[in-house]
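Could you have a look at this structure, given as structure tokens, before my questions?
Chain nomenclature is as follows: A, B, C and D, assigned in order of appearance, with residue numbering initiated at 1 for each chain independently.
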Amino acid sequence: MPTAVLLLSCPDQPGVVHGVAEFVLGLRGNIVHAEQHIDVESGVFFQRVEFDAPGLTAENLAARFAPIADRFGMTVQAKMSADRPRVAVLASTQPHCLSDLLARWRSGELPAEIGLVVSNHPDHAALAEFHRVPFRHLPVTAETKDEQERALLAALAEHRVDLVVLARYMQILSPRVLSAYDARIINIHHSFLPAFVGARPYHQAQERGVKLIGATAHYATADLDEGPIIAQDVTPVSHRDSVQDMIRKGRDLETVVLARAVRAHVEHRTLVYGNKTIVFG
Amino acid sequence: MPTAVLLLSCPDQPGVVHGVAEFVLGLRGNIVHAEQHIDVESGVFFQRVEFDAPGLTAENLAARFAPIADRFGMTVQAKMSADRPRVAVLASTQPHCLSDLLARWRSGELPAEIGLVVSNHPDHAALAEFHRVPFRHLPVTAETKDEQERALLAALAEHRVDLVVLARYMQILSPRVLSAYDARIINIHHSFLPAFVGARPYHQAQERGVKLIGATAHYATADLDEGPIIAQDVTPVSHRDSVQDMIRKGRDLETVVLARAVRAHVEHRTLVYGNKTIVFG
Amino acid sequence: MPTAVLLLSCPDQPGVVHGVAEFVLGLRGNIVHAEQHIDVESGVFFQRVEFDAPGLTAENLAARFAPIADRFGMTVQAKMSADRPRVAVLASTQPHCLSDLLARWRSGELPAEIGLVVSNHPDHAALAEFHRVPFRHLPVTAETKDEQERALLAALAEHRVDLVVLARYMQILSPRVLSAYDARIINIHHSFLPAFVGARPYHQAQERGVKLIGATAHYATADLDEGPIIAQDVTPVSHRDSVQDMIRKGRDLETVVLARAVRAHVEHRTLVYGNKTIVFG
Amino acid sequence: MPTAVLLLSCPDQPGVVHGVAEFVLGLRGNIVHAEQHIDVESGVFFQRVEFDAPGLTAENLAARFAPIADRFGMTVQAKMSADRPRVAVLASTQPHCLSDLLARWRSGELPAEIGLVVSNHPDHAALAEFHRVPFRHLPVTAETKDEQERALLAALAEHRVDLVVLARYMQILSPRVLSAYDARIINIHHSFLPAFVGARPYHQAQERGVKLIGATAHYATADLDEGPIIAQDVTPVSHRDSVQDMIRKGRDLETVVLARAVRAHVEHRTLVYGNKTIVFG
């Protein structure tokens, strides 16, 4: 059954949970999931409520909820599970994250629509075609970066993209792109951030002699590798692992961590506040 | 601040969340945590609500909530976080789980009162004394089992025990004890149940050549090793691990898994339904 | 650089390590990896030695090593890393394990040659074609099972297959196939064996209320789900996970655990003794 | 049976493994464990060989091995498993790591002798006494630091300490102490290094919004938090975890990771080279 999702935040105050529950009851809805969180330091209340309520759309849900939002001073995102977010995946030469996301989508695991694959290299054309997803080759050099990003933004607009996934896309996006898709660009960094920011993290990890390597999925922001973290995981390594071994083991981490973050986003389970991400269960 | 906790279950129906939120609002309470779960197959609604509401006791909370419970056909547990459950720990010769629980309790990590240590061996008297907890030595043989259990029940009653923890207690409790403390006896089994039920699970694991060993904390029931599972964890092993190595590695699992289960119980985050345990986050 | 690998077992006795090292030195080889294990109970010595020694082939290596093998009563497997094992992958309708193995192979991660994909369903023809691997559709019914297995054996022989991978192949192989590829058929079972043998393990897991689900890769033997275990892993679940959620989470486990087992086998790091698998690091 | 252990490093060259095996054979010893590693970049060979050879001592083993060491240009550590390293544990106010190490030692799990507990606070006197280990209270202020360290060095010398364990000892040791116990001081840092160096790592972790917290055991060097890493582990956290929750969850990590590192050291399984630690299995 299609459900509606409200992602809410407001100053913590008595009556908020009651107000939301009353609203759902007034729609003759039944709450199927509800989770809340209070950030004690800042006194902010966060809630994700999912309920079945026939006849709703994202637009009329937002409109009907507006009085409650006003009463409590809420920031609101209103979503319908039937409206599958449209996703563009950007990749460079490495295929593992792109290939994994396409396979998950094809299997029906991701409640989203992968509508576009973009790469600065031509390599993934056949893979995209195999999954019947439009492929756009947008090569880039230092001289053409501005022009390439304009073409990228045009392609994203043309395909009405809601979420951009950087699946080992080895280009730094300019503030223009980042602000156009604020909190809607997910990047995978191949280290356990904040350890090993910047380039060649597996080389750094090998050099430092760590006993675990990691991967971090985060929303991309202008501060490289500093955006709100959505998911992280690690795997053991030892003195026997060369940089090449770490790169290989890391690929499994990267695919799983990125998929977990994308899944949380397209299921409307993430809420960014400040430089952190609340990920509802 | 002391808080009140309601653990609820009832047939799923519209208005339940609203009814509970209205009740809390009527007490001028503020919900600090709320988590719900619907078992779709059976159509049962479960909820844990924690709120601050000055002036309540477990008794008057239950009484005031009774009309809401009646309206929705709810099973209710009403708890106050200030009422620390009284815990008895039963152990045989191995000290690791007992020692760990006492250390956690002493450090203030467990919101409970360890009021009694019981053993069928004399070994742990000094450890209990070091932590200033009464120690009762209740030896047992096949002939004296009935008598020993009567002494055990008397000791539990005398110390007004709310929760019995079997911390590697190598005796099987009779139905009389089990029913007296239904869903209030936590056992640690040294395998990843349902693999390796019964005796000497590490020997079984080594024999089978598994690559992971586990531990399982569960509520004790008349069906040995079949009670509702509260917590489980595993750790890697290899062909190089002898049974002795597995026993050593398993000790770390057992202490951590048992502590996690006890903590969930004394924080009123567990709810048994059928042969399963809901563990709220 | 291509290397040679010796996988050895014999009664434990002084001088074995010396004898092998002397042999390698006599070939002017340099040992790049060596790992040994002694099963104390049975008094059996196991060793994997990898060394660079130009000019060797698997055949002349075995011949030259024969005197040392004789002296110590050794069972020997002699392999050259340059001889990539030929692999057939058998799958039914689910694509995730097959798709993952093909992607790993294509990326150069698996030192093997995937030479054949077989399915009792037609679904994976396009996937195999995309990876340019021959696809054989061998449908099977209770009546045609004998005939289908003869066709399967013929296909495996025709493609000179060294290793058969059951990548969620939902058919039980007869002893005829099993004995033809003894210790050369790897199966993935979707539970943490020996828990939940047999059909529908995720349903069993959900029914039992476990807090972890697992996957097990093992060599297939006539005793279903009882063969020597190569790799296992688990992932946490909770009361909130439906059977469908477990199936989804389990897919990630199955792909990773099966890939790990296949990788160990084709790198000549596995040695079966009795009902266990030694997996060298 | 008591065994001898050789920890070796030298330039990689043909014949090294053979030379060591020949030496052991000459002693009529039987190799029970052997593990080697080649650092390909630097061309350095490392080996740990454990063998039973009656009648040896650490001194005569080193003397007899000297010709082989000379031949290959080896750095050698010769140890007897029967010579249990003498350990001093230094702690400040937090008891969890100290208490855990003492309990492991008491249970016979650590092949070492804990001969001294030192603290800059008086709190742990009773705990040390309970385990019958001498306790030295050495308070320290900015003014008395030099004097306190002299008293510390005297106490370590008096108790013939081989290994110093900093079990949440919140004082920075001066180069004088560090150089006196080079590669023989193990510290536990409460983060996944190199993330969150310095003070209050759990506060830093909460601030950054990471989804995992970690602990790192390393040899202490003059570069704070930069010494060779021995062991690391992590545990998941979420937006729901306050700094206090992280501190609590971190304690379990710290005790387990520190114990793992201490165990590896006293079993003579660690070898420091450059700024890394080889940990043999």
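The criterion applied here is as follows: contacts are C-beta pairs under 8 Å (C-beta built on N, C-alpha and C of every residue); 3 or more make two chains touch, one makes a residue touch a chain.
Values in this document were obtained by computation on a predicted structure and should not be read as measured data.
Asker: Higher C-beta contact count, A-B or A-D?
Answerer: The greater number of contacts lies at A-D.
Asker: Could you find the chain whose CA centre sits the greatest distance from that of subunit A?
Answerer: Most remote chain from subunit A, centroid-wise, comes out as D.
Asker: Please decide if copies subunit B and subunit D contact each other with the same set of residue positions, more than half shared, or with different positions, and reply same or different.
Answerer: Over half of the interface numbering overlaps between copies: same.
Asker: Averaging only over C-alpha atoms, locate the centres of subunit A and subunit D and give their separation in whole Å.
Answerer: 41
Asker: Could you tell me the distance, in whole angstrom, between the mean C-alpha positions of subunit A and subunit B?
Answerer: Once rounded, the distance between the two centres reads 37 Å.
Asker: So which stretches of subunit C touch two or more other chains?
Answerer: 240, 281
Asker: Flag every residue of subunit C that touches subunit B in the complex, lowest number first.
Answerer: Per the touch definition, subunit C meets subunit B at residues 37, 39-40, 192-196, 208-212, 214, 228-234, 238-240, 242, 275-279.
Asker: Within the complex, which stretch of subunit C touches subunit D?
Answerer: Those residues of subunit C that touch subunit D are 12-15, 17-18, 21-22, 24-25, 28-36, 38, 281.
Asker: For the complex, which residues does subunit C have touching subunit A?
Answerer: By the definition above, subunit C touches subunit A via 95-96, 99-100, 103, 107, 109, 126, 130, 240, 248, 251-252, 256, 281.
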